[in-house]
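Below: the structure, in structure tokens.
Chain nomenclature is as follows: A, B, C and D, assigned in order of appearance, with residue numbering initiated at 1 for each chain independently.
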Amino acid sequence: MSDDAVRSTTVYQRTVKDVLLGIWGSIARFFRLMARNRLGFVGFLIILFYFIVSFLGPLVMPVDNNTKVDRIFERPSWRHPLGMDHQGRDVLSQVVNGGRDILTTALLAALISTAIGITLGALASVIGGGVDNLLVMVADIFMAIPQIPLLVVLAGFVQVSSMALLALILAVLSWPGLFRAVRAQVLSLRERDYVEAAVLLDLGTGHIIFREILPNMMSYIAISFAFSMTGAIYSQTALVLLGLVPFSSQNWGVMISIAWTRGAIFYRDAAVYILAPVFTIAIFQLAMVWMTRSLEEVFNPRLRARA
Amino acid sequence: MRAVLSSYYVRQFGKALFTIVFVTSLIFFLIRLMPTNPIEKYVNDLMINEGRSREEALNEARNIFAIDLDAPMYMQYLDYVSKLAKGDLGMSLLSRGTPVADIIKTVLPWTVFSVGVSLLVSFIVGALLGTVIAYRRGSVLDPIVSALSSLLSAIPSYLQAILLIVVLGVTIKINGKSLVPITQMRGAYTPGIQPGFTWAFVKDAFFHAALPISVYILTTVGGWTLAMKSNTINTLGEDYVTVARARGLSDGRITTAYVGRNALLPLVSQLAISIGFAFGGSLLIETYFVYPGIGKRLGAAVTNRDYPVMQGIFLMITFVVIFSNLFADLLYSVLDPRIRVGGKGE
Amino acid sequence: MSLASSRDVPLIEVRGLGRAFGSRRRRIWAVDDVSFRVPRGEILCLVGESGCGKTTTGKLIAGLLRPSRGEVRFEGQDIWEIERKSFKRYRTAVQLIHQDPYASLNPMQTVYEIMTAPLFRHNLVSSRAHAWERCIELFHIVGLTPPEDLLRKHPHELSGGQRQRVSVARALTVNPSFIVADEAVSMVDVSIRVSLLSMLGRLRDEFGATFLFITHDLALAKYFAWDGRIAVMYVGNIVEIADTPRLVDDPQHPYTQALLSAVPEADPELTRNKRRIALRSQDIPSLQNLPPGCRFHPRCPRFVEGLCDVQPPALLSAGDGREVSCHLVARQEAVA
Amino acid sequence: MEETIVQQLPWSKGQAEEALLSVRDMWIEYQAARGAVKAVRGVDFDIFPGESMALIGESGCGKTTLGLGIIRLLVKTAEIKRGQVIYRRDGAAVDVRSMDEEQLRQFRWQDCAMVFQSALSAFNPVLRIRDQMYETVKAHRSASRAEVTEIAHPLLRRVQLEPERVLRAYPHELSGGMRQRVLIAMALLLNPPMIILDEPTTALDILTQRTIIDLLRALQSDFRFAMMFISHDLSLAAELANHVATMYAGCIVEYGTVNQIFYEPRHPYTLGLIKAVPTVTGDFEDLSSIAGTPPDLIDLPSGCKFHVRCPLATRRCKEEEPELMHIGPEHAAACFYTDEVERQADRAWEEIRNPQGEPL
């Protein structure tokens, strides 16, 4: 090997190491900041746990589909901590396997609605005039229409066959909240003296958007992203429970729905079967709300400095 | 001054009207332009299954959907709108011959009753509780109420309904009887009791509505409490509250006319949103509690793909929500003199 | 004399400057027909009460707002006519110091980031070390010590006076030739105000900076622009413009006279024996509903019926480089 | 009522028993995240009937806290640690600190009204001025709406407002200057013997300031109330005060008649302030600012709190905190080197009156 080659590999290695260290550093910093608010951090850890279990769990604990007539509504035991369902199948494995679709859809819906909200909000506030008036009016109208009934009627007419389509519908219905927040924020931020100063110093549009305005909106965006997710889970589960989104696969909503129709609620022994997915969803929603407190901390240096 | 004042009301009213036009048109075009148009499908079904002529089938469809398929699109639209304006929402597919308007007439009152009562109770309790914990910051009450509030408002209402049924109705049993007689509480009132403004009937109506009402209250009261708490804390920091104390006003007067009234203002504008939310939640809650309101009826219509009923109920719910929006806006303007001038002062 | 040397061209000149706000139906002229020139190295103070249009004028000159009519000339060229490239040069040549030191620095950035963004953007430094050095140099100029510590902080960790110095230092990164200071010291504590003013004064003495100093405080204007000029604004117009000592000692326009007589002074005997000028009305006219004729006539103690309420006065020369916009002053001049 | 004994201040203009309000050894602290904010540290002064006293100092010197402390209107995190606030009316003396809630409520506005800096936000936005006037009177005695209107009309006219229009208006319909005048009229509603004014002219335009100042002077001579105004603005003190107290880091560092404070200051901080403020009338004067920044009330320096910024500071100043000492009739200062300050003050005034120096 020539000297040059050696040098270049060492250089290469160093940069990789640097990059990794850099990433690790920012992850560590993120965790430290999240931990500033104890309740928020707990929420964050729970959310993290949900994603790990829902996406990696199925590899370790595949869903068991064999009907075992002798074990119907078996009570919780060490082997089956959440007992058995109406066909004698393990409930825990269903819970583990039932999150992936819901979380993916919610994440997708939140991403799309955040993207729409930010884009339209920025457009409305920057262009102003007629475009602004029109968008504000459309947002007002969307906010006035009751969401769940509209979703239900839509699902009655349209076959919601894929997660992506469901996510899209949910997003299209939920963008106005973030739109209004972003619009108001941009309108107020761009009047700020420090943005004016950046204009005068000719720091460029990119700098003004990404360094001056966006960082000051991040806490809004992050929090409204979290609330978009909880909203998407709320609507999604409701649609599943109403039998409007025929998911074939495992899903917490489907679990509740089946448990309900199989009359699980009337057997005391079956309580765990129906309560397991109910609590799974409830805890997720709660953790999400808790997490927003930490998000606020992460994106607001003034709060950060006080501690 | 007059002109500006009325322009606020004109604007609000115009917005409501526009939203109604938008939603009704949306529904019309949604049905007409869908690849699997439910009306065409229905006509085809009639022709194939019952061997009717297209003429007959179309006539029947016109009756049921309040839409004439053969007319040009704009005529269909105008026809649909004028029928809507007259309160004609078409006929139910499932129970033939029953106008959708009649169905709505029988189910809407129960939902308005249960949602209305719970919203009122929840709003009042939340506002009071929020004020109390804002004044008693640092007491034991604060963290408990705050934690409970965020817990209750985070969990979806329909899951709380299931929890109530499972825990109160099934799991916990005393002497072999469940804590709450879930099955007896089904329906809007006990069969055999004569509806009317009698004590027995009102009592019975409340008994049957008790579960939906408690779930609505449980899910919303936390939100009102937290909102009122933070508004009250903000208002307590306002200069005019300090000045009012310096003026020697009594604590009672300051709490009600100064802190309370100003802290309540933002809540009033949230009232409309929460009405829409409650109607949305009623779909599942009424289904679970077997309460014959508009939500349960919509759920049933959707399951059976009874399109005219779906459409009619959806429009009805939207109208109710839009008018409550309008009402909340008007209420707000009565409570806050600044809004009437239109935005912030000049 | 036909060829004016470049020295005769003022650094900044505004002609017939006007700026309207509001919708097409209800246009409100915040600034209406303002003209003045600021030669290189000089100070012009713009004095007036809130809502008189002085801040809007500042923003028009800084190029943050486009005039609705009239022009802003920089080195003789209309800034909205010149091509992109020269506009870029103009853009950094004029800097504005804001009033509120709490709002003019981005709370999300460190002082170092705030200071170095323009340095890197305009290739004014070659390396990070060089940038650091330049910051420290600028901090010495604006009197910020110790610079090393301050650079690492966030704005909210600084005092009001320190923040204001940082925003001056930030403006200096791009070597501006013209500085608009909009109430730059009015939110700073009395005891440190003067040192901020002297720092700004040094920028002129040592670096030849030219100033437009906007303030509502006549005493500050007098102190800062003693060898410069003061322009007094009232409801969108300039009513009087003169050399500072002349304007302060011998005001001509009734509004200037009223303003000067009204200023409370930090000297008990002086202030209690001051001659007071009583106005006919306390109400400042609103821009939506301007009085006809002279805008000051409903309040003016020297109001002449049939003249002041009919014809708007023009800003005319009244000798010694003074310009006044008043019918009565013009009449006196004509007699003399 | 039990006789309240108050220590006589040697520099007071009269007997303490004749004062309207006597504040003695007042200490107020706030609880903040970083620690205790020592906002007021042992303040003594007397205000006599019909007198007008200015409390001047920079932001964060504790002057507003002191004002609020007198009528016990402090925020929850603040506490009066020590001290007496003796109020005398009709021959009786009572310590405001010992009043119960009801007595305190009656004391406020009826005995001591307060005009705030933020007149813009001093009124309840959802109530008409008429209602706010009415409830103010109603809180202290029984009165009909007609009666209150009858009292309010001349007062509003007195502050140059149209009573009919103003009473009917909501606060947001009035301009800043008008609201400030309404608040002043409201302060006079119960004819109190004393009014505290917190930055009454800050944030107002010059011509409006002038109106307010002239009004206050005229009203005081009509109604004979005592004024205590709190301001960072020396010119307001120069305009209106009989006596001036300079506050620094929670203490009164100098007290004297208005002429003493302006022409014969004996504390370097007072002198520094005077030298830092320009006047409009007259020739150019050279100004100088005080070095450094106002102190952090949580972490105060040792000894004299001003020593870190003081040009005269010696080791003694660093180690020992000077008390407010009687240095002449009605004049007191908290400084070890009043003689040196006197020399500098004379020199400064000499320069202002006979300027030779060139402007900067």
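Please note the rule applied: a contact is a pair of C-beta atoms (placed from the backbone, for glycine too) under 8 Å apart; a residue touches a chain by one contact, two chains touch by 3 or more.
All figures in this text were calculated on a predicted structure; none of them were measured in a lab.
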Spell out the chains that contact subunit B while also contacting subunit D. none
A-C versus A-B: which interface comes out with more C-beta contact pairs? A-B
Mean-CA-position distance for subunit D and subunit A (Å): 55
Length of the line joining the C-alpha centres of subunit A and subunit C, rounded to whole Å: 50
Indicate the whole-number Å distance between the mean C-alpha point of subunit A and the mean C-alpha point of subunit B. 27
Make each chain a node and each touching pair an edge, then name the shape: line, ring, star, complete, other. ring
What chain-chain pairs meet the touch criterion? A-B, A-C, B-D, C-D
Subunit B residues within the subunit A interface of the complex: 15-16, 18-19, 22-23, 27, 30-31, 34, 36, 38, 150-151, 153-156, 158-159, 162-163, 165-166, 169-171, 173, 272-273, 276-277, 279-281, 283-284, 287-288, 298-299, 301-303, 305, 307, 310-311, 313-314, 317-318, 321-322, 325
Can you name the residues of subunit C that touch subunit A in the complex? 62-64, 88, 91-92, 94-96, 98, 100, 103-109, 117-118, 121-122, 154, 156-157, 167, 170-171, 173-174
Subunit C-facing residues of subunit A, complex: 192-194, 196-204, 207, 211-212, 215-216, 301-302, 305
Using the touch rule from the top, collect the residues of subunit C that touch subunit D in their complex. 49-50, 159, 161-162, 189-196, 198, 201, 216, 218-220, 222-223, 226-227, 245, 248, 258-260, 262-272, 274, 276, 279, 282-284
Using the touch rule from the top, collect the residues of subunit A that touch subunit B in their complex. 137, 140-141, 143-150, 152-159, 230, 233-234, 237-238, 241-244, 256, 260, 265-268, 271, 274-275, 278, 281-282, 285-286, 288-290
